[in-house]
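Two complexes are shown next, each including subunit A; its partner changes from subunit B in the first to subunit C in the second.
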Partner chain A sequence: MRTLRRALRLPSARLSAVVLVVVAVAAVFGHWLAPLDPLAQDSAHVLSGPSAGHLLGTDGLGRDVLSRLVAGTSSSIVATLEAVGTALLVGIVLGIGSLWLGRGYEWASLRFVDSLQTLPYVVFVVAVVGVLGNGLTQAMLAIGLLYSPIFFRVSRAASLALLRAQYVEAAELFGATRLWILRTHLWSKILPTIAVTAAQASAECLLAVQSLSFLGIGVQPPAPTWGGMLADDLGFLAQQPWAPLIPAITIMITVGALNAIADAISDSADLLVVDASPPQPGSAQEVSDAAVAVR
Partner chain B sequence: MNTALSEPSRRSFLGLGLATGSSLLLAACGAGGAAGSGGASADTLKWGWALPTSWDPVTSSAGWDVHALSLVYAGLTKHDSQGTAVPALAESWAYSEKGSRVTFKLRSGLKFSDGTTLDATAVKKSIERGRDAPKSLIAAQLADVKTVSAPDPTTVVIDLRSPNYQIPSLFAGKTGMVVNPAAFESNAAGLATKPAGAGPYTLTSYVENSQATLKRNPNYWDAASIKVANFQLFPLPDAATVIAGLQSGRYNVAQIPGSQVAAAKAAGLEVQVIPSLVVAVLDVNITKPPFDDPNAALALKFAVDRAALLKTQQFGIGEVSYQPFPKGYVGYDPALEGIYAYDPAKARQLLAKSKYGIGAPVTITASATGNLPQQLQAQLQAVGFKPTIETIPQAEATQTFYIQHSKALAVDGFAGRDSTAQTFQVLFGAEGLMNPGRTTPPELNAAVQKIVQTPLDDPKYPQVVQAATAAAVRTMPNVFLFTTPRILAHTTSVSPLPKDTVVQRFEGVTLT
Partner chain C sequence: MSAVVAVPRPGAAVAETWRLSGWARRVLRMLVTTATVFLITSFGTYALGALSKTNPAAAVLGETATPADITRMNHQFGLDRPLLVQYATWLGHAFTGDLGTSYFTSIPVAASVRQALPVDLGITGLAALFAVLIGGTAGIAAALNGGGRLDRSVTAVCSALSTIPGFVIGIVLIVVFSATLRILPAGGYVSFGTDPVQWFRCLLMPSFALSLTLAAHIARQLRTSLVATLRENYVVGATVRGLSQRRVLLRHALRNAMGPALGILTVGVPALLSGSVPTERIFNLPGVALLTLQSAERHDIPVIQGTLLVTVTTVLVCNLVLGALLARFTPQARR
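== the complex of A and B ==
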């Protein structure tokens, strides 16, 4: 929280936070905030321009674009959270496990992560939905799996340094369980690094999710998504050349806000303890607080 | 992507976002402008259409391929603008009295594009390969062919297992394209990328999924009518960029969707709407709920507002359809007009009578994203169905729709077939690709058999075909939606294109 408070002193972070709060509100309350039913078709008002009744006009089926944009926030954000959540879970569990579960597991997990990084994401996701069926959860599991190497490497690198610290070795000698060490010494130290990485990954996943929606993978129609709206609008460039700008700018601003907040947090925090130098006089906690932050 | 995964760069993503926005803005601003000559060289026609799945007509797997293959292959017959078989490599043909033997008389002096002689023996070998080759995808159409003989260099005699007067029509399409035996006897697999025919053009270079370059074949039997010296064929242009492609000279003829017609005209392009055999259709599986109840299947036919679909999906270009044939085609039965006219009250009533009742769940399966499934969903919902949409990758569509027949309701399109009987077999036959229920009423089978056994020039032929159409529309669950004309936009440097219903041809087309 201290890091977050420091980050929010930066103007860019405050602006980004406002954007993300707006997005979060739209994600949670979007269906209530949408001025009209985002699924209601009106064949009499297909591809109409902005008006009092439809502030951002209507799409190829006469649906209110503003309502779809607001209502589509939920699926876009939920999809992103699913993907990042999967990546976090898989990456951190494998990453920390690779340090504690023996050399055989370490070798296997490193090769597994290397293999994941060689996969082209669209091809992999298409293959996954081909096997498991086209749906949001399946697509996001695939995306999350492909993004897990980021968290694997970050959590492993951070933990590797900490586990060599003498206060951790001392705790092990005193009979502390690994779970206790993880909870007490490890987690609080690597959390800021994980948080920054998660913010960065959220931006990337949001783009990936929209790219897949653009291709018809993931969220199924008629549920609105920003990427799906972009794909639909490109078919009517002749009628509404400005229409794709609406979802495109929304995606751009949200991705930009996530990246800016990640920048601000990393600028404000002491991250990634890699210095496993001998403990200074005093408690183990003092040692970790004094550790050098690098990015 | 993998670089991004391993080394995320926040600023690069900001840059990407800005670049995306800027490029969209530029695209938006660039929609105007007038079409000039398209920047094409005066002797090259550049067609944005589709590249074939294979340049071998025997292994080509898409009906759509016939247009591209017709550039490099010729058949014994060809279709005229209305879809009637007329002479091509064969100058005439005659059936035996019982209809179980047909004799084609070839033109004299025919040559393949490589200069080798095209005679009756070559035709015989080509037909036999289509019938017997292990990987032939036209074998089913040639199942009636018992023997082929070549008593002299210009006479081909085909003996049939049973009377079949559809052979001349069948031979106007892929089934009848004559392949040079010298090519398939030495390297049949090579035909997939190196066609060996006797068509109006010869393929000179081919880059898969990119483009095909062709030059005029001086040995073509009707070479005098081919005015354009060079031809380039490209994959189907994206709807968002096709007009710009025409304006820039990337293409000088291209297929465009209905949504782009106004923009094409505004850009100074010529737009031709050519009636075709393509029709939008719903494949209905009567072995799957809820359509295993006839009332639910019938409710579906009345639930669809075809006029609204046509207006939204094609900007009104085409016609509402209740049958597989467009107006003017021999199989079109005017009596079927409006037979399942939009009647939501009746649809709701029928659905309520079905064992599934109001709220019957149904999954609409489609292989492409787009508005049609969503509009259908809203229409079905309005009459009491509980529809959801399932989008499957295009690559899976053939397997899912035509081989597994595993979906209750699929959004599909039928591209027509060379012979009328073949159309019925594909759409309604027990083994038909687009008959997922795999059953055909006996009366429809009898009606199709009558088509096969009726000479094409018999005055009763139209009546026989239309009777089969009526039987199919009344007894089969397929829901025909609207016709899909071929909309071709071209620069002013291209003369008007022939209005061919079945296969787009380029005889007589000139460039200035």
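== the complex of A and C ==
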């Protein structure tokens, strides 16, 4: 909390927080806030520019662009939260487990994470959806699984540094259980690091979700999504070349705000400096163990 | 700076009896890891198909199939055997170049992949080249400019690029160069053997669009590590000894700063292949990514498994080559 308050003193963080609050409001109340029905087709105004009736104009089927933009927020945000939630859960449980459950488990979990990092996420999600059927949950669980290595490496590396600290050793000598050490010493120290990683991962997941909804995966058309709007605009580039800019700029502002928040938190917290980039093949353990340093 | 203490490394004795250099040992270890990872991912790929709720036999035979027909078809596809046996058979066939047959078109998967793969190698290869050239130039320029206007604008452009999905850049390029200026084709593909010039014209926009996100990553990483390296004592020392700025940069600073930036390429290969799905859709390029997408829409499981296996193998081979090169040419990795 103290870290968060300190982070919010930066002007860039305040601006991003405002942006994210607006996005969150649009995500929750989007269907009521949208000025018009996002699915209603106004055949009298197809591909019209901005006007009093349609503030951001209409698309190729005469649907109000502003309404689709506002109503499409919720699916992007829900999808991102599902994916990041899955990644957090899988990554942290496997990562902290890899320190305590013995060499065999450690080796297996490291190779498992290496394997996940070789999978290109769009190709993998397309394959998963192709086999299991198209749906937001399947697609987001698959993305979450592919993003879990980041949290695995961060939580593992951060904990590894802390477990070598003398006060943890002392607690162990006094007979503290592992769960007690996890709760008292570990959790509060690795939380800011994980928060920064989660903000960065949300930004990346949001981008991934846009690529997928562009391809019609996760949320199917005609339901409004930002990526889906880009796909619709693609057919009318000759008539309205500026139309893709509207969803594109919305995506850029949201992702930019998430990135700025991540930077602000990491600037104002005493983070454990962790290199979360995947190591070179063949040296997985050395790199993730060596790349840790407490500032 | 940590003190260097001479501690005999575990396994040093083995290496001496084998007479392997440090580099060969690293590459050997990479091979073992890569093989393990390949087994895990290929099993995952195969098991994914088994999770499917649609029964392929029922899908192929249609609604009029009797249970007896379905049982016979299942036996013909080998779907009535244990999963591990099916996997081993599938992988064994894959090594001989047989990836099975599409449930719907009866075209061998390997034939479709062989036809599609050059497209992906073309765009991702060109994209990687662009990313290294653009990212490398921008990163070096920014680092040498240290805090100046050029440095700040490179940083700003990189931050902006990391907030756009790569395919949006593709759309912008189509608007500018195809719809407005009409100098490049908006889509389609001509093989290199048929017409190299047209091949390049077709792939120029998609690979450039694909490369920018990675170029931004490389530029940012190279700038950071180069700025740090330029402050190191040996670089200052080389400058004081009167070596030219160019020589100091190329021989001393860049060689040491390059490692982390090239390391990004190992993450970059899956990212490029990932981005190639929307890119191939936009530019209508008949590559493996588009093949995966089309067979996913039809639930054509053998094709999905085949393309995923080929994609994973491509990533692993690229990472192995990159890892071996990095271990050979960057001073840090040689320890």
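Couple of notes before you dig in:
Keep this in mind: the second predicted complex is superposed on the first by the 269 of 295 C-alpha atoms of A that agree within 3 Å, B and C clash if a C-alpha of one lies under 4 Å from a C-alpha of the other, contacts with A are read in each partner's own complex, and residues count from 1 in each chain.
Operating definition for what follows: a residue touches a chain if its C-beta (ideal position, glycine included) is under 8 Å from a C-beta of that chain, and two chains touch if they have at least 3 such contacts.
Being a predicted model, the structure only gives us computed values, none of them experimental.
On the superposed subunit A, the two partners subunit B and subunit C do not both fit; they clash.
Of the two partner chains, subunit C is the only one touched by A:128; subunit B is not.
Residue contacts after overlaying the shared chain place A:85 against neither subunit B nor subunit C.
Contacts of A:147 after superposition: subunit B is touched, whereas subunit C is not reached.
Using the contact criterion defined above for the overlaid structures, shared-chain residue A:259 touches subunit B and also reaches subunit C. In the superposed model, A:251 lies in contact with both subunit B and subunit C. Of the two partner chains placed by the overlay, neither subunit B nor subunit C lies in contact with A:97. When both complexes are overlaid on chain A, the residue A:222 reaches subunit B alone and has no touch with subunit C. Of the two partner chains placed around the shared chain by superposition, subunit B and subunit C are both touched by A:238.
Note: residues 117-122, 126, 129-130, 133, 203, 207, 215, 234, 237-238, 241, 244, 248, 251-252, 255-256, 259 of subunit A belong to the subunit B contact set and to the subunit C contact set alike, using the contact criterion stated above. Across the complex, subunit A meets subunit B through its residues 39, 41, 43, 46, 60-61, 117-122, 126, 129-130, 133-134, 146-147, 149-150, 153, 197, 200-201, 203-204, 207, 215-217, 220-222, 228, 231-232, 234-239, 241-242, 244-245, 248-249, 251-252, 255-256, 259-260, 262-263.
Partner subunit C is touched in their complex by these residues of subunit A: 111-112, 114-115, 117-124, 126-133, 203, 207, 210-211, 214-215, 227, 230, 233-234, 237-238, 241, 244, 248, 251-252, 255-256, 259, 277-278, 280-284.
On the subunit B side of its complex with subunit A, the touching residues are 1-2, 4-6, 8, 10-11, 13-14, 16-18, 20-21, 24-25, 27-29, 31, 239-240, 243, 257, 259-260, 262-263, 308, 311-312, 368-371, 373-375, 377-378, 388-393, 396.
Considering their complex, residues 26-27, 29-34, 36-37, 40-41, 44-45, 48-49, 51-53, 159-160, 162-165, 167-168, 171-172, 174-175, 179-180, 263-264, 266-267, 270-275, 277-278, 281-282, 289, 292-293, 295-301, 304-305, 307-308, 311-312, 315-316, 319-320, 323, 326-327, 333 of subunit C touch subunit A.
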